[in-house]
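Listed below are the structures to be examined.
In what comes next, chain A is part of two complexes: it sits with chain B in the first one and with chain C in the second one.
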Partner chain A sequence: MSKKETIAVFFGGVSPEHDISIVTAISSVIRPLELDGRYQVLPIYISKKGIWYSDSSFKKIETFSGGGISELLDKLKPVSVTFDGGLTIEKPGLKRSKIKVGIAFPAMHGGNGEDGSLMGLLRMANIPFVGCDMPASVIAMDKLLAKQVAEANGTPVVKYEYLYADAFAEKPDKIIGELEKSLEYPLFVKPTHLGSSIGISRVSNRKELQNGIEVALYYDNKVLVEEAVPNLVEVTVPIIGNEVMMPALVERPLINDNNVFDFDTKYMNSGKKSGGKHGSQGYSELPAKLPGKLYEASIDIARSVYKAAECEGIARVDLLIDSKSNTIYFNEINPMPGSLYSHNWRKSGISNVELVAKLIELARQRYEKHKKLEKTFSTNFLKQF
Partner chain B sequence: MKIVVNNQLINYSDEGKGDVVLLLHGWGASLQTFDAMTNSLVRNYRVVRLDFPAFGGSPRPTNSWSVGDYADNIIGFLDKIGIKKVAVVIAHSFGGRVTIKLAGEGKLKPGKIILIDSGGIRHSSSPRQRAYKLLAKTGKQVFRIPGLNKVGDAARRRLYQGAGAMDYFEVGDEMRETFIRIINEDVRDIAANIQHPTLIIWGEDDKETPVVDGEIFHDKISGSKFKIITHAGHFAYLDQPDEVMKEIESFLK
Partner chain C sequence: MKYYWTCYLPSYPKVILYMLQNSEYRVGDFLHWYYRTRDFRKVMKRRQLIWTAKVKLLGLVELLIILAVLTVAWLSVSLSIWLSILILLLMPIILVYAIVIPLWAGRALIQRPKEKRMIAKATAKLDKHPAKKIAIVGSYGKTTTREILKTVLVEEFKVAATPGNMNTPIGTSRFVDTLDGDEDVLLFELGESTIGDVRELCEIIQPDLGIITGINEAHLESFGSVENTISTIFELKDFIDDSHIYKNSDSRLVRDNTIKDDPKSYSKKGVAGWCVDRVDVSLEGTKFTLSKGKKSIIATSKLVGEHLVGVLSLAAAVADDFGLTTKEIESGLKNTQPFEHRMQPYKLHGAWIIDDTYNGNREGVEAAIRLLDQLDAKRKVYVTPGLVEQGNRKQEVHENIGKLLAGVADVVVLMQNSTTQFIQRGLESAGFKGELQIIDNPVKFYTHLEHFVAEGDIIMLQNDWPDFYE
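And now, the complex of A and B:
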């Protein structure tokens, strides 16, 4: 019997979305991969301190939910990584083992992972990996950059401004004055690099704007301030694919009393408002009941931005709709949707096992395509020295 | 909702209209433990709750804090959200310790104070506990020896458990200094300065802060009322919510 190929699943990380990444990795990646049975699954857990570990117990959510993870990490030694024309993980200990990684599956959320940094590392290691490549991840994980890309692509975006921490610390009143001149309340204040709606505030006056900027700056050095969309209907479109895209169903998440689709609404309220089941699977209307041609138009815009930002593998495009004027605005791209949005794919007819298999296939296709490109250039340059 | 107070992010909630009731939770708890109480109070009051730094949705402070630092943070928070007058403070355990500091030192002048199973009395340890604590402390050095350092935390956990100091262990390295500073500060003499009408509620079976602590505060705070709740432990307001709410409503009339 031939040896199974090893898939390294990366999760955790130094990010406010560390815990969400654990759930994504275990429930929506590792479990389906084990059910698939074709691969050897190697879980690589990156602790909140940024230390890399691997242990078979990381395949179970109880390892992390039971409260004993600190004790376990104290006993484990970190893994070491060798770039040997590929990627080899060495697990220390009495049963020291070296494992050659065939394919990587980043299941990271937020900075230091989803933002392109891990993808850069995997590119350098020259192995196929699942999901968006480095440039698309960088664009997607910067809300401002993504907006600018969409704008250049001709996609409507809401009116926005942005600010940097240093400038705000120096002249807060001047910056707030300029924002008030340019934009009309109510406004949304967002850290540009964070996902899962962390650090986002909806503000209606100067005092709230000041507080909202301070909160956003607690998480990020760059802050996006944008006008709220009136008569808001918020929808999201998960897409998989490289050149050929396949959208899932348009989904309408619920928002909380503060008009923010925030972390608690997404992950903590267990979908109470919709009478749903658990976490991110119970908070939405699926498929979204959109009038007229808005449903199809939402998919078209999502596809257009996915392509413009050079997304590959998987991403989720969030849109804001003014339900009176029927204007659809691009909001943001999420290059690694929480739990892969497997609940949506399932309803679209693609099981979690099939979804993960498709993503691996897409990763291989991209890798093979890149491999064909000439990457060296022969010269006589060094002979002159 | 979140707000930044002197570079510290604070998670809070602000519900209802009317006179302000401020709810302060205990060590290791969060504002959510007041959900049921808030649902009752919000009919007549503006109920403001926050997560103390290091708990709930408020991240850890970057350095170790004293009770005074936590008290100052409350003042900064109230100022930031524009609250000038607090009608009532209802505080549990560690929140009580902070409230005594605030009111006893004149930093906050609430109309009324309700302390539930409040912290703030420092007890001398039993000989067994002292022996364990010493062992845990020396053990810390022993377990730094290469080869032994990997079993250190598990062994230390057992030692702290025996010493009745799991709170200390569970808070993590960064917060241990804060925890030590806090439990070492006895606030009974500060409580003696409190002139505000005060209701002291205590769970009869409270093991963390025994009923005698409540008696001490009752003795120190002139004119205070003392109510013992039967079949209730350290979280009296969760163990007997109706009974505690009845006492609160009667005191606030």
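And now, the complex of A and C:
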């Protein structure tokens, strides 16, 4: 019997979304991959301190939910990584083993994983990996940069400004004054690099704006301030694909009392409101009940931004709709949606097992395509020295 | 020999107990299974050992046998070290045979005489019982027939039926012991696996009415031939007049052994002058009309599948014979529900799962594939480990399943075992264009089904593969 190819699933990480990443990895990636049966799954858990570990117990959610993870990590030794024309993970201990990684599956959310840094490392290792490549991840994980790309692509975005931590620390009143001059309340204040809506606030006056900025600066050095969309309908469109894109259903997530689709609403309040579907992302309307043209237009805009940002593999494009003027604004891109948004894919007719299989196929396709490109160039340049 | 060392694992005695329990302490089945097993680490996959009093006692016997063998091996060292080694090498096999001896002795000296007394008591009790006694015989479809009849007849009568799989002489006797004596109708499911089984049960029951639900190759290994199966099932005729035996003519082997236009034949076309019309099958249930002269019955049932029209009609005809009104019959039919694990539909994440995991016969598989064909779905998935006990027809039966599936299913999921290659061959020969998945861990598959399904799918789960068959 031929040996199964190893898929390394990376999760955890130094990120506020560390715990969500664990759930995504175990429930939506590792389990379907194991059920698929074609691969050897190697879980690579990155602790909150940034140390890499691998242990078969990481395939079970109980390892993390039971509260004994710190004790377990104390006993385990970190893995080491070798770039040997590929990527080899060495597990220390009595049964020291070297495992050659065939494909990588980053299941990370937030900084140092979803932001392109891990993708850069995997690119250097020259192995296929699932999801967006480094440039798309960088764009997607910077809300400001993503807006600028969408704007350049001709996609409507809400009116926005941005500020940096240093400048704000120096002259907070001046910056707030400029923001008030340029934008109209109510406003949204967002750290530019965080996902899962962490650190976002909706503000209606100067005092709230100042607080909101301070909260956002707690998480990030760059803060985005943008106008709220009146008559808001927020929708999200998960997409898979490389050049050929395949959108799932347009989904309308639950919005909390402050009109923010925040962390608690997304991950903690699942099922507390009546009606709708309780997906992995809590309450949502799936498919979103939008008038025919708005539904199709949302998909078109999502596809257009996905392409403009050079997303590949999987991403989720969030949109804001003014339901009176029927204007659709691009909001942000999430290059690794929580739990892969598997509830939406399932509703769209793609099972969890099929979804991960498709993502791996897309990763291989991209890798093969890149491999064909000439990457070196022979010159006589060194001979002159 | 490669895995002989697994007989020395600490879990080995427990595995032996597990195998005994799961082969229902039938020594022949147990030894068959034992000799087929190579790697004893892979036996306890599907179930757990249940620590009953019998298991605990046998566990103690095992411990004593092991201690005795070790003592003999130790004492033999003074004679010859090689003899000791030989004894130790044979210890796993000695254990197996030594554990069978108390089982056999217990059966012959205690159980058999006790059973004989129970059977005699049951025969006497039934002889005086005033109820109509209905014997249900066949290779398949007995439980379904029994349950449908019971559901319809309770509209008017006090009905008792053999529960679960109490279909042996001793099981039947135990059931008879529980009867109050004032029942109007008694339904007996007759189990048969060797010649004379039906006769033995009929001698106890003395039935007034018989139903032959179908004949196929089930238990072919114990019957030896289909002819033997047929003659065993038709042993019913020695106890009931042919005009009182309903026969399912949807079953080819029953049809071939019945006179043409037998008034007691039943099928999806009708029964005893009742004609079936306007059949409508969906995952919500089955609907049709039955008419005979001026009488008309609108049959609605939650049971799913065209193959059940025959037996639903039979229940209506028997109920009519017994004097139930049209209204009562319609109400009784309406109360019929899918049985657990038999064409039982339920929703999972927007997909329809049809749980047919107790279906372990060829006719059932064909009916399931036909149903899958009739239904609309985004993706039709058929999951099967194949069928057991097909004797020398194993290859033919499974190739045929593959051929039938090729034109119906979009995805075929096979549980890896000895029949997989034949189903695969059948699929290939019929030009199957869909997706084929071969699963080597069925338990994992069934317990994580939610990861395999998506909205719009219909997943038919056919499975009846106890692990001692492999």
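Observations on the structure shown:
One rule holds for everything that comes next: the second predicted complex is superposed on the first by the 374 of 385 C-alpha atoms of A that agree within 3 Å, B and C clash if a C-alpha of one lies under 4 Å from a C-alpha of the other, contacts with A are read in each partner's own complex, and residues count from 1 in each chain.
Here, a residue touches a chain if its C-beta (ideal position, glycine included) is under 8 Å from a C-beta of that chain, and two chains touch if they have at least 3 such contacts.
Quick caveat, the model's predicted, so the values are computed rather than measured.
Taken together in the superposed arrangement on chain A, chain B and chain C fit without clashing. By the touch criterion defined above, A:Tyr218 lies against chain B but remains apart from chain C after alignment on the C-alpha atoms of chain A. With chain A as vertex, the superposed Cα centres of chain B and chain C define an angle of 90 degrees, given in steps of 10.
Residue contacts after overlaying the shared chain place A:Arg31 against chain C, while chain B stays out of touching range. By the document's definition of touching, neither partner reaches A:Gln40: not chain B, not chain C. In the superposition on chain A, no contact is made by A:Thr88 with either chain B or chain C.
Shared-chain residue A:Glu354: touches chain C; no touch with chain B.
Touch criterion met: A:Asp74 reaches chain B, while chain C stays clear of it. Shared-chain residue A:Gly199: touches chain B; no touch with chain C. After the two structures are overlaid on chain A, the closest C-alpha atoms of chain B and chain C sit 29 Å apart.
The touching residues of chain A, when paired with chain C in their complex, are 31-32, 34-35, 37, 343, 345-354. Residue ranges of chain B in contact with chain A, taken from their complex: 1-4, 9, 80, 82, 150-154, 157, 172. For chain C in complex with chain A, the residues that touch the partner chain are 349-350, 378-379, 439-441, 444-445, 448, 450-457. Partner chain B is touched in their complex by these residues of chain A: 70-71, 74-75, 199, 201, 207, 211, 214-215, 217-218, 258.
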